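Dropping the structures in below, format is structure tokens.
In the two complexes below, chain A is the common chain; its partner is chain B in one and chain C in the other.
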Partner chain A sequence: MDSFQTADNKVHNLRRQVEATENQLRELKSQLQQAEQQAEESRNAHSAYLGGFPAEWIDETLQVLRQNEFPNTAQTIRQDHGFQQSPSAANVTKRRWPLDKDEYIRYGRQLIMPEIGLHGQLRLKNSKVLVVGCGGLGCPAAAYLAGAGVGTLGLIDGDTVEVSNLHRQIIHSTTKVGMTKVDSAYEYLAALNPSITYNRYPFHLSPDKALEIFEQYDLILDCTDHPTSRYLISDAAVLTGRPLVSASALKTEGQLIVLNNPPKPPGDLSGGPCYRCVFPTPPPADSVVSCGEGGIVGPVVGLMGVLQALEAIKVLTAKVQPIDQDPPKPTLLMFSAYNTPQFRSVRLRSRRKECAACSSQASITRQALTNGSLDYVAFCGAALPINVLPPQARVAAADFARLPQDGSNKLIDVRDETQYAICALRGSINVPWTGNADSWITRATQSGALAQDGRHYYIVCRLGNDSQLAAQAIMDRALLPILVKDIKGGFKAWREEVDPSWPDY
Partner chain B sequence: MSVPKAPSGHFTLLYFAAATSFTQKQYDFIPAPLSIEQLHTTLETKYPGISERILKSSALTINLDYVDVEQELAKGIDGMQIQPRDEVAVIPPVSSG
Partner chain C sequence: MTSPTIEIKTEFTGGLELLFSNQRKHKVSLPATDLNGQPANITFLIQWLCEHLMKDPRKDMFVLEGSVRPGILVLINDADWELEGEEKYELQAGDEIVFVSTLHGG
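After this line comes the complex of A and B, so read on.
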């Protein structure tokens, strides 16, 4: 009996051992499978996240990878590299690569540039850029930034598209004349790259809104066209700690500066200079010339806008600076289309110790900006319409047209030679006004235009401003005891009142 | 347009943007050495009104280095001296776009 019992027990024990071992084996197999899977996932994730870039970038990468399927792997990578913070993975969906399939195709050509790479592309995707002004600078700048895959683009402009914009404002078009520039730009950009977010602000930037809007962006582009907006944008960029890429263009020349980079708080002299550091005093208001008045060659302003997009991409994708290395030196790039060399790069100084915006003695504060006590128009001065002549020294274009054409009158056209060659009245004499009364009188006298032959003198220009100054120059010098008048409103009035076919350039 | 070499004992003064419009010139050759203060006086004599209309709001560079004009004017004759063969530039802000 005992031997049966012993044998039965042995069988029973062996069965249990086999069962336990089989369970253990199953468990081990399952663990192996899991481990293999995890290893594979880790490999994928590693190569996706760490394709050649250092551990310091993991934070940003993970931000992009919020919907990552491997929180554990991500955590492991963080721990491996000494990052303890846990990723804020809200919703977990299945995703193997940090960019979408289409994004690898769309951005592939810049993605393979070592200067951009995966890390740079992720940074672009994560960044928000505000383009202030959708004109000659803003059009190409916004187009390249949208093309490059900047995550969010803000567009500010209060103007509508005009036919005279189209030779340079390349993302607007003939069919969009009359539309707001912001909507026109949006239509173009959304067609160019529908995968990014666009925010539209169809109004001019004002001090009370600037800070609130700037704070929603990482980088600002100044694509505006007036000193008032240039100082406002620079001040707001300093106050919100945003780097600023500023460009401008007129006639055949352009300027480009990356300002407030790095964007240190006011008083920190290691921060980049602001617009006020470079140009502390605004130009006299009546000397400020717009593209409409001074002219602009399309590709000149286009080039400056393209360079803005380039500098923006460089700032957004900049690699982490080693501490022992000096920050990039600020420069002012000047372009002169008809000079040799065409490009000049000026080495700028660091922040001004007494700068009104970015120094420790800064008088420009957030409150001053938001409560409206900072008057940029007053600071830059307002160019008032010129009205220097007494009424009896002015004649309406329609009245001038009715004067006898018997040689008793002389018409002096003070537009420049180029405009005079576009269209001029027969019998008129061209003596261009260059801003200096003495030199104009000298040239007018030398050319015989002011011969004292008893005739009446009429002065005309494009819009009726320079003609007043020239007429006043003659009267001030009491050169002629004869009648001198300017034609009110210049050739603009001539077209409206007398000759509708007169070129409207 | 390329600027010829300055004659000996002179420096080249380049004008940009509004400074070109005001002087109706791309450049001048001016005898050196000269302080920044003397440069202002020389230009005001040559182009009356230029100080107020242009120089006050412009950047000034010597051999592509930005000069703090206020600081130099405060130093007067003891400030930096422009040397023969230097390239000095008057750079008014361009604000259009």
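After this line comes the complex of A and C, so read on.
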């Protein structure tokens, strides 16, 4: 009996053992399958990481892996790539995506451009750009850079907003006349894009401050309007190793150059040329014409400012160049509104071996800039105010207005035809100043303006400079035995002293 | 016997056109060799333009000390003349030489 029962027990035990082992085997198989799946996903995640997974995304990756309960994989990635600390939950939530939610919406249209992409947008966000000059170039340039999401924008300008700026300096407005351009620009830009940082410098750039300011930025935009500032900005950009996007405009034409790009140290000939490489000697001061004197069509300067913003974005978001590819070739882009074709791009020279700023024998040093020994105004020269006539050959506008209107006087207006057509005094004769005494005398004689009829001659222009030269030209040749005078201060004085309604263009 | 000439295109921009009858583009035909019998180069061209094409008496707005005044870029077939040998570049028929005055406004 006993032996029978013992045998039954043994069978029963063995069956339970088989059952248990089978359960265990099933469990093991299931575990194996899960482990294999884990290993596969871990391998994929790992190779994705090695295949250019941006560092900014590591938290994102870890978060996904945690949610899927693969702590070991997460740990492996972390250890393999030197991330020792486990990401805290708070940190992961904050940096779930590399850009903020609103930034995907705001920058979405440029973000989907392969030229920009997430990589480019992050670079813009981390970039600091300095806009020197908040005028016709700086206004559109700063607006587009703020719109594009450049992280920090610095704004330099020492001027205040004037009504005559508004046809082209489009981020200022009528209600801001009298405000500093920097504050006016800030108000517009902060409304356009409040999410970026703005630094305001409401003064003209000076050599002693240039390096200190430039060092806080990655890229500089020259939006100024005079050779003096153009040389200073270029020198400071070279000394601080910053690329420089430079543009200019006058009348119906514009020019654009990207300088010091790549921004190699002075002496490295593989760096991009600087302003002094292209223009080692400043132009004679009297050949420099400002927008106030020469005029400017609004969209022309606006276009050049927009192109500066574009070039800045291209430099900031440039992908790493393969080693075998040549660096960007320096070019000058010229725009001419009334010419065909309107655009022309020409190849420029590379760095000048003997350049005063960017060569190995550079004489322009950080010290020279900060201790004030470099005098940019003296270097470029200044057009002196014209004062060539003796006092008795000049008459105040108010005195001219009191002269008898009996036909004993003759008024020659030497402004150009366009200005003469805007406003002119009745009875005046228009003989535009030609820039040269001989040719003007020839022109005036041909037009009959210098006919000797015994009348007194008065000469007038816009501001009272050319009129002196014309009066002097007549006197020097002793063409007329009679009285010749220029009207001091021209039509500006006429408006102030005599006729307040005279157009103030 | 007329001496051989060479035909090129010239253009003046950035305000320089004001010195050249307010006309930007000029086709010019100049002697193929200079007074010394050397092939016409940029130096010769500049001198020739001053004497024959430029009606404006303000020569110093274009030429200073025998070369173009500072602030003027010379472009030879869309390249900075410094890439082509500057003044010594020998003109070829059909060349396009552009004189650009730098702008400073902004």
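Heads up, the rule we're going with is that the second predicted complex is superposed on the first by the 411 of 505 C-alpha atoms of A that agree within 3 Å, B and C clash if a C-alpha of one lies under 4 Å from a C-alpha of the other, contacts with A are read in each partner's own complex, and residues count from 1 in each chain.
Please note the rule applied: a residue touches a chain if its C-beta (ideal position, glycine included) is under 8 Å from a C-beta of that chain, and two chains touch if they have at least 3 such contacts.
This structure is a prediction, so every number in the text was calculated from the model and none was measured.
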*Look at where chain B and chain C land on chain A after superposing the complexes, then choose clash or fit.*
clash
*asked:* Between chain B and chain C, whom does A:Met334 touch in the aligned arrangement: first, second, both, or neither?
replied: both
*chain B versus chain C as contact partner of A:Val278, first or second or both or neither*: both
*For A:Val289, is the partner it touches chain B (first), chain C (second), both, or none of the two (neither)?*
both
*asked:* Touch test for A:Leu205: chain B only (first), chain C only (second), both, or neither?
replied: neither
_I'd like to know which partner A:Cys358 touches here: chain B for first, chain C for second, both or neither._
neither
*Would you mind listing the overlap between the chain B footprint and the chain C footprint on chain A?*
133, 135-137, 223-227, 230, 247-251, 253-255, 278-284, 287-291, 294, 296, 301, 304, 332, 334, 336, 339, 344-349, 434-436, 438
*Report the residues of chain A in contact with chain C in the complex, numbered from low to high.*
133, 135-138, 222-227, 230, 247-251, 253-255, 278-284, 287-291, 294, 296, 301, 304, 332, 334, 336, 339, 344-349, 434-436, 438-439
*chain B touches which residues of chain A in the complex?*
133, 135-137, 223-227, 230, 247-251, 253-255, 278-284, 287-291, 294, 296, 301, 304, 332, 334, 336, 338-340, 344-349, 352, 434-436, 438
*Could you pull out which chain C residues touch chain A in their complex?*
13-15, 24, 56-58, 60-61, 64, 69-73, 75, 78-80, 82-83, 98, 100-106
*Report the residues of chain B in contact with chain A in the complex, numbered from low to high.*
1-3, 16-18, 21-22, 24, 26, 48-49, 52-54, 56-57, 59, 61, 64-66, 68, 70, 89, 91-97
